[in-house]
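Look for subunit A in each of the two complexes below; its partner is subunit B in the first and subunit C in the second.
On to the complex of A and B.
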């Protein structure tokens, strides 16, 4: 097991190194002059030269690469061209919001999607199974921008049940001031025991979380159903039935566990998808997360910020895949071998 | 002890196995022979009440100690399967859950059938001893044991449950010849020490003849011939049985 863990961690480090190299190379291939982007289109030749010198853009490529890698390893991702702040501190500010949003959406998707898939497999071929399949297909096929707006129309405009945008109502600032811990109101209020704000912030989360979770729920439910049905046809299921185990145990204690690995892999896959979707959802619901930051970085050709975003997304993905590999080894002893 | 009358297994209106009758007493072994598709495995599933899980239906009567099994509900079957009747399968390793250690499966099964925690360990060790397996095997996972070990483990499970009837569906077909005879020995031992009645299903008459008192030959879902093992082997009445017998290798005989 420890050899398995060590090899996975080494592989993950290799991928991270590859990503660092790739981001650097891609950044140099992007057309456009970052010095102009920083100094503005009307900057003089002298000003541009000063900017180039300030950011080391006048140095030979290999020197730029070495200084980039050294910087990255020290947590220095350069200065953002559009916020004029260190990219690292920008990311620390925007990342928690997105991670909380995507994290809660994925947990929600697992909590809803896995039981939905189990139920569909349990009553395979019945009306309920068909209904679950249709729901899953709908959830997978709805484009996120459309779903986000639809949710706003239904739950805000028509029913008036839930807030339309933002993280919480600023009116609470005077009644029950919020102290910042990680910069995400729903978590900060929970950690500081600020219940009025927590309830309000949680209500603000429901629609964005649902918009992001829709695709993962559908995908998780369909994969759970398929994987479970496949395992139910296996000899080991016939064996435990023959040993007298009731159906509840056949599903819950025997068939489910060998079915989990594809589901765990899928959750890592949909993480990347959910992260990209969160960019759209953040702008529809006006959330100041990684998505809004990324959009501003892209339009202003803010290369340090773009590289920082790419790197952090890649890091998150590598980390998640590492967790998935380890989880799979825990679930299925054959993976460890 | 177990009596079958006019048992029919069908899928979507097609009868895939029909057994007019047989009776099996304590300590007896009935061999069911036939090629694949002859309905012998479907007969096994029907005896275990498992046909419904693959979408088929069973008519006719199966009684075990006077209790009619064919009309039992899923809940009622729970006090029969694993208590009075059990089954071992053709691919012994595939028949064990890949994510659960053998010891966990064993303990869960004993717990299910009401063996108190304090007795479980002794029961497991005794049963493993009967099939000549080291208790060390309980820490292993199915992919870490051989096919022969897995099959002997399955038999130990049955021995520990002290069932009256064991359905063995092609228990040796996936194993090497040397391992086959180990499994046969273990089954013979099970019958002798516990009086377990065994329904032994195989396509191989040679293997059946090592253990069975009586043989039933099936083909295309129907019983072709039934009788004492000696009689079937030496005076087969039907051509199909003669063909099966001819496939049995006998030392000193050239084909």
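On to the complex of A and C.
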């Protein structure tokens, strides 16, 4: 077991190193001169030389690479061209609210998707099964930016039920001021017992969470259904059926447990999808998180920020994959072999 | 011993030639199975309609010139009517015409991404699985690094640093898509290499190229085709997302994601400007997903259950 853990961690470290190399390569593949991008098109030759020296662009490639890697290892991702702040501090500021948003969306997706998949497998081959499958495919086929805009039009413009953008109404700052704990209004208000703001912030989350959860709901439902059907064909389940156990017990006690493993392994993939989809959803809903920051960086060609975002998301993804693999090794001894 | 009841499942999937009495269509041996998978048939019909509409776009649309950079200021933002089924956009172009022409752009991107990533992925994966050893180790570690990035993120980052165009968007997507094919092909090649017929070919003195082309490639192709059909929907969505962000096709190209982005500021008053292009993306992705899912349950019944 400890040998498996050690080799898996080593492998993840190797991938992390590769990811760092890759971001460096992408940065150097960019056509155009980064010094001009920073100093502006009207900069003089001397100014350009000064910028090159400041950022080490005049050094040989391998030295630039070494300084890039040491920078990354020290948490230095350079200065954002857009905010003029260190990318690292920008990321620390925007990451928590996005992780909360994506986390809630994934929990919501599990609550809806897993029962949907179980129901489809339970009534396999019926009209309900086909309907569940069509719903799941609709969910994974949904262009998320379009869904986000439609949700806004229907629930804000037409019905007026839910707020259109932002994390909470700043009007509450005078009635019931919010104290910052981790910088995420919905969590901060909950921790400080600020109910008016909590209710308002929670209402602001509903539409973005629904937009982000669409793909995960479909994916989780399809995998749950497929995995359950596969296990229902296994001999131990067929035997339990033959022994006359009620369907509820066949599902709940014997088929569902081994079906959970593929669902656990789906977590990392679905997280990656939800996180990148949150980029688009956040910019539609003007949510001040990693996504809005990222879209601004991508559109304004803010290279240090783009690389920082790419790196941090890839690192999160590698870390989550590692956790999932280790968790599976604990749940299912066959994985360790 | 696995149990008192012998498992008959392998027989069910074996070759038709050893099962006399079950006639199969010469046109497409999978037809019988397809009839049992209604969603597959629905998906195939829908996909065919979309492809035909895209190909015939100049002849079946009422205002083919609206696919380009024309402006009709007097007809801006007309609601859907008999003359303009899907209404008109902010410069007065017929939305129906542009949605139909949009199929060409999206399908073109799908073809480019699938061909590039399948060719690159198959070459790398087959080489790794067939030759094994250090080549396998190196190629697969490189593949792992590509897979460490969420695909959409890497293609957005790449498309952002390239100059925005539909072709660059397609290449950026292909750049993130090939590792899945490499992994799939490697697994296939490695397992085929251990099969009896592969040994036989080797013992009979077949050259490595011949083994690879005659034995490994044909047997690895079915799962690759199934994977391609499953991927087509994802590529449609990724390409639309890139152009929605302004990192793909540019105006006046009739691209669905771009049309939604352009219509977004007017969405509350002129709902038709964003609704129909978005529906086109959804319907196309659903059609391709039906096909992919159906093909998977026909060719790989254990993984993709009906």
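Following the convention adopted for this analysis, the second predicted complex is superposed on the first by the 330 of 337 C-alpha atoms of A that agree within 3 Å, B and C clash if a C-alpha of one lies under 4 Å from a C-alpha of the other, contacts with A are read in each partner's own complex, and residues count from 1 in each chain.
What we mean here is this: a residue touches a chain if its C-beta (ideal position, glycine included) is under 8 Å from a C-beta of that chain, and two chains touch if they have at least 3 such contacts.
No experiment lies behind these values; they were computed from the predicted model shown.
When the shared chain is aligned, no partner comes close enough to touch A:159: not subunit B, not subunit C. For subunit A, the partner that touches more of its residues is C, with subunit B and subunit C as the two candidates.
In the superposition on chain A, A:235 makes contact with both subunit B and subunit C. In the overlay built on the shared chain, the residue A:257 is in contact with subunit B alone; subunit C does not reach it. By the touch criterion defined above, A:73 reaches neither subunit B nor subunit C. In the superposed pair of complexes, A:243 makes contact with subunit B only, with no contact to subunit C. In the superposed pair of complexes, A:331 makes contact with subunit B only, with no contact to subunit C. Overlap of the subunit B and subunit C contact sets on subunit A: residues 235.
Here subunit B touches subunit A in the complex through residues 48, 50, 53, 74-75, 77-83, 86-87, 89-91, 94-101, 108-109, 112-113, 141, 143-144, 154, 157, 161, 167, going by the rule given at the top. On the side of subunit A, the complex with subunit C involves touching residues 14-16, 18-19, 21-22, 26, 29-31, 125, 130, 133-134, 137-138, 140-146, 149-150, 152-153, 157, 225-226, 229-230, 235, 272-273, 275-277, 279-280, 294-295, 297-299, 301, 303, 306-307, 309-310, 313-314, 317-318.
Subunit A contributes residues 234-236, 238-247, 249, 253-254, 257-258, 331-334, 337 to its touches with subunit B in the complex. Here subunit C touches subunit A in the complex through residues 2-3, 5, 38-39, 141-142, 144-146, 148-154, 156-158, 160-163, 233, 237, 240-241, 244-247, 257, 260-261, 264, 267-268, 271, 274-275, 278, 281-282, 285-286, 289-290, 293, 302-306, going by the rule given at the top.
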